[in-house]
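Note that chain A is present in both complexes that follow, paired respectively with chain B and with chain C.
== the complex of A and B ==
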C-alpha cells in the first residue's frame, strides 16, 4: 500500500496539481472543467480518483492539494472517503487537504447528516466546504475558491503557506466546529 | 517554502547572455540545489498515517510544531530581493505596466459598454418622454374641446328652456284671453235691439255699439301702446251701462280733469 506524501518529489515548474477524490465521476469531471476555466497564473493540473491509494506504477506530478468530495446522498461515498483517508500521510493534513460536501441543497435526498461530515473534517483538522456541485453557478464559485487555495498550497503565493492559510481559515470558516 | 521564484523566461533565453541574466540564473540554480537537498532529507523521513482516534491530537501537535518553525523562520529571515540593477527593474516595470494596461483596457471596455447602454437607455427614456408629452398635449386639446362643448350645451339648454317657458306662457296667455272673451260673450252681451226700442226716442242717434270685449281691448291696447297717456275718449259706440260697470267696479278710472276720457286701472304695476 502506497501512502501519498506531500513532499515525495520535486515540484514541477510553475505547476500546481490538485487531486479530487470521490465516487461521483461526472460531478468531479464538471468541477475539474470549471477549475481549468479559471484564470490562473500557474499551470493547473487536475487529477481525479475514485479512491485512494493511487496506483503506484504511474508517473504523476507532485500533489499539492487533495479534496475529498462527499456526496451527502450516498453513504457509500462517505465510507469511500473514510477509507481513502488512511492512505494519506499525516503531513498532508497541515493545510493541503479539504473536504467538500455536495448535495446539501436537496435535504430530502440526504442520507448523511451534515454533522457527520463536520465531525469528519474536524477530526482531520481540515476545512470543509458545502457546495451543490450540480448547480453551475455554485460550481464555478467553488472552482475559483479551490484554485486560489491550490495556488497557496503549491507555494505560488509569496508569504503564505498552506498551514498559514489553514490556521487563518479555522477561525473564520468554522467557528462552531469546537462544539461538534 | 517559496520554491517557485523561478522565472521561466530566464532559463530559455541563454544565447543573449548578459550579466543580469546570468546572475539571476545562478541564483535560481542555487535555490534549486537547496530544494533538492531538502527533498533528499525529506524522503528519508518515514510516512505516518492517521486513525480516527489519534488524528486530532497528533495533527494538533504537528501543527504547533510546524507553526512554531514557520514563525522562527520568518523571524530569522531577512527578505531577499532580486538584484536591483536597471535591466531587471525595467523588465519588471514593463511587466507591471502591461498588467496594468490590460486591467485598464478591461475597465475601459466595461465603462464603454456601460456608457453605450446608458445612452440607449437615455434615448429610450427620451422617446418615451416625447410620446408621453404628445399624449398629454392631445389630451389637453381634447379636454378643452370637451369643456367648450359642455358650455355650449348648457347655454343652448337654457335657451331652449327659456323658449319653452315663453311658449308655455304665451299659450297660457292665449288661453286666458280666449276664456276671458268667452266669459265676456256669455255674460255681457250687447243690448237686445228689441228691448231697446222702448227707449228709442232717447238713443236714436247712437252709432253702432261695440261689445264689452272690444271696449276692454281698446283700453288694454291703449294702456300698453302709450303708457304715458293711457286715456281713451268715451265715444258713442261705448254702451254707457258697460262704461258705468267698469267705473263702479274699479276696472276703469275716469280722467281727473276730463270726464269724457277713461283709462284701464294699472293692475300690472
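== the complex of A and C ==
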C-alpha cells in the first residue's frame, strides 16, 4: 500500500515511532539525534524520509506521528512536502500530523512567505511549529515538544488522546484564521 | 567534490514551444485543492496609482534650491486629519495599524504593475538622470522629528561642521577654516507618488576645489536621498511633527554614510537600518519588472542564485533574452494591470523547471540573490541600480513598501 494509514498495524509494546519527512537530511538527522537524547518512558524510534511514498518492502513499525519539515529558504522543500501529503490517509490528520517550518530567523534567505505555510497547515487542520533547527537550543526544545506529542499520539499518556491534543492546540490560534 | 567558486553561466533562449510545454507540465503539478484554499484566503489591498504628474511643473534644482515650495508639508497635515474618523489621535491610528498587522494576511497578494510615468520633458529627464545607473545602498528610516524643509541651508552648515569635526578627530587641529568639503541639501521635486507624500530631498557632499580660479563646485563625493512614494500606511499613523521619509538611498563611501547617519539620528531622533531584500521579494521584483512594457531592452534579464553547499558556495547565473522573458510573462499573466502571487510563482516555476530539464538541478532549493532586468537590478544585500527613468517611481514605490514593512 502506498498510502500511510494510522491503524494499519498493531502497536508495538511500549514503542512510539515518529516519521520525519523533509528534504534537508542534515537538519532531520540533527533533530532525530536531539529527540533520541531525551529520556522518555517509552522506546522511541525515529524514521527519516526524503519524501513519501515510503518503500513498501521494508518491515516497519506502526507510525504514530508524522512531522513534515519545510525549510522556508527553499521552495523545493515546500513542493516536496505538498507532493508527499497526497500519500497520507485522511485519518492521519486527526492529530497525528504536524508541520515544522525552519529557517524563519533569517528573513533575507526566505523564499517562501510564512503565510504560505500557515495556509498549508490550516488546510490540513494540523499544528504548525516554527523552529530554527540550526540553533542548538531551539532544536533541543523542539525535540522535547515532539517527544511529548509523540507519547500522546502513541497513546502512552493516560487521559489524553491525539484528537484531544489537536483541539487543545487549535484553540490558542489566531481567531482570524477560522474565517479563511 | 571540491568547488572553487565556480560560476555556472547559462544562456538560454526560450522558444514559444517550450513555454507551452512548461506551462502544461506545471499546470498538472498544481493540485486543484490547494488553488481553491489559496483563492479564498486573499484579501485585496490595491494601490491607487496616480499616473498623472501634479499640474504644477516640478523643477528639480540640484544646487541651492532654498526657495523650496512652502506649500506642501504643513498645510496638507490639517486636511489629512479631516479625512479620517474624527478625534482619532495618532496613537489610536498606530494601534489600529498594529492590530491589522497581527491578523492573517499582512502582505498583499496583488500589486499593480508600475505604470510608465509621465516625465516627458527633457529638462526633467536630465535632472533625474543622476539617479539612474548608480548603485544605491538601501536603508529604512523611521520618521524624522521636527524636520523642516525651510531650514535646509542651516542643516547644510551644521552637517558640514559635523563632518569636518568627525574627520579631524584624532588628528592635529589645523589652524583656520580648512573645510575642503561642502554639504548641500536640496529638495527633489516630483519624487512622490501621491500628493500626500512628503517631498524627497537630497544630500550631497562635494569636495571644494582648492584653486579659487577653478569654476564649478568640485566632485561629488557622496550622494544620499530620502524619499517616500505611496507611503500611505505610514503617513496615516504618524503625528504632525514627524516627516515620514522611510526610504534612504546612499551612494558613496561607507564612512560618509555612517557619519551622516549619526548626525541625522542625533538631530532628528530617527533610526536607520539597512534594508535587505529577501528572496521572496526579489522574485516579486523580477516578475513586476519583466511585466513593464519597454520599447527597447538595454540589458539581458539575469538571475543569480547561491547554492548552499560546503565548503564553498556555488553561484548559478541564468541569463535570458529580455524579449523571451517578456513573452513568458505574457503567457503567464492573466489579469491586466495587476500581478498576483500565483503569477509570480508560476513565472519562477517555469524558469526553474526549464533549468531542471537541462541541468537536473533544482533551482527552487537554492537562494535567489540577484535579479537584473532592463528596468532595474537588485541584490539581496540591499543594493539597487535603476536603469530606466520611466519606471523610477514604480520601483521606488515597491522599495518604500518594503522599508515601511521593516519599520513597522
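The rule is short, and it goes like this: the second predicted complex is superposed on the first by the 173 of 180 C-alpha atoms of A that agree within 3 Å, B and C clash if a C-alpha of one lies under 4 Å from a C-alpha of the other, contacts with A are read in each partner's own complex, and residues count from 1 in each chain.
Operating definition for what follows: a residue touches a chain if its C-beta (ideal position, glycine included) is under 8 Å from a C-beta of that chain, and two chains touch if they have at least 3 such contacts.
Worth saying up front: this structure is predicted, and the values here are computed from it rather than measured.
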First, second, both or neither for A:154, with chain B first and chain C second: first
Partner chain in contact with A:137 - chain B first, chain C second, else both or neither: neither
Touched partner set for A:167, first chain B, second chain C, both or neither: first
Partner chain(s) touched by A:55 [first = chain B, second = chain C, both, neither]: neither
Chain B versus chain C as contact partner of A:11, first or second or both or neither: first
Touched partner set for A:123, first chain B, second chain C, both or neither: both
Contacts of A:112 with chain B and chain C, given as first, second, both or neither: second
Which of chain B and chain C A:88 touches, first, second, both or neither: first
Residues of chain A that lie at the interface with chain B and also at the interface with chain C: 82, 86, 122-123
Chain C residues touching chain A - in the complex, by the definition given at the top: 29, 31, 33-34, 37-38, 40-41, 102-107, 276-280, 283, 308, 348, 352, 362, 364-368, 380
Touching residues (chain side chain A, partner chain B) in the complex: 3, 5, 7-11, 13-14, 82, 85-91, 93-94, 122-125, 154-156, 158-159, 161, 163-164, 166-167
Contacting residues of chain A [partner chain C, same complex]: 23, 73-77, 79, 82, 86, 107-113, 115, 118-120, 122-123, 174, 176-177, 179-180
Residue numbers on chain B that touch chain A, as the complex places them: 1-6, 8, 35-36, 39, 42-43, 47-52, 55-56, 58-60, 62-63, 66-67, 70
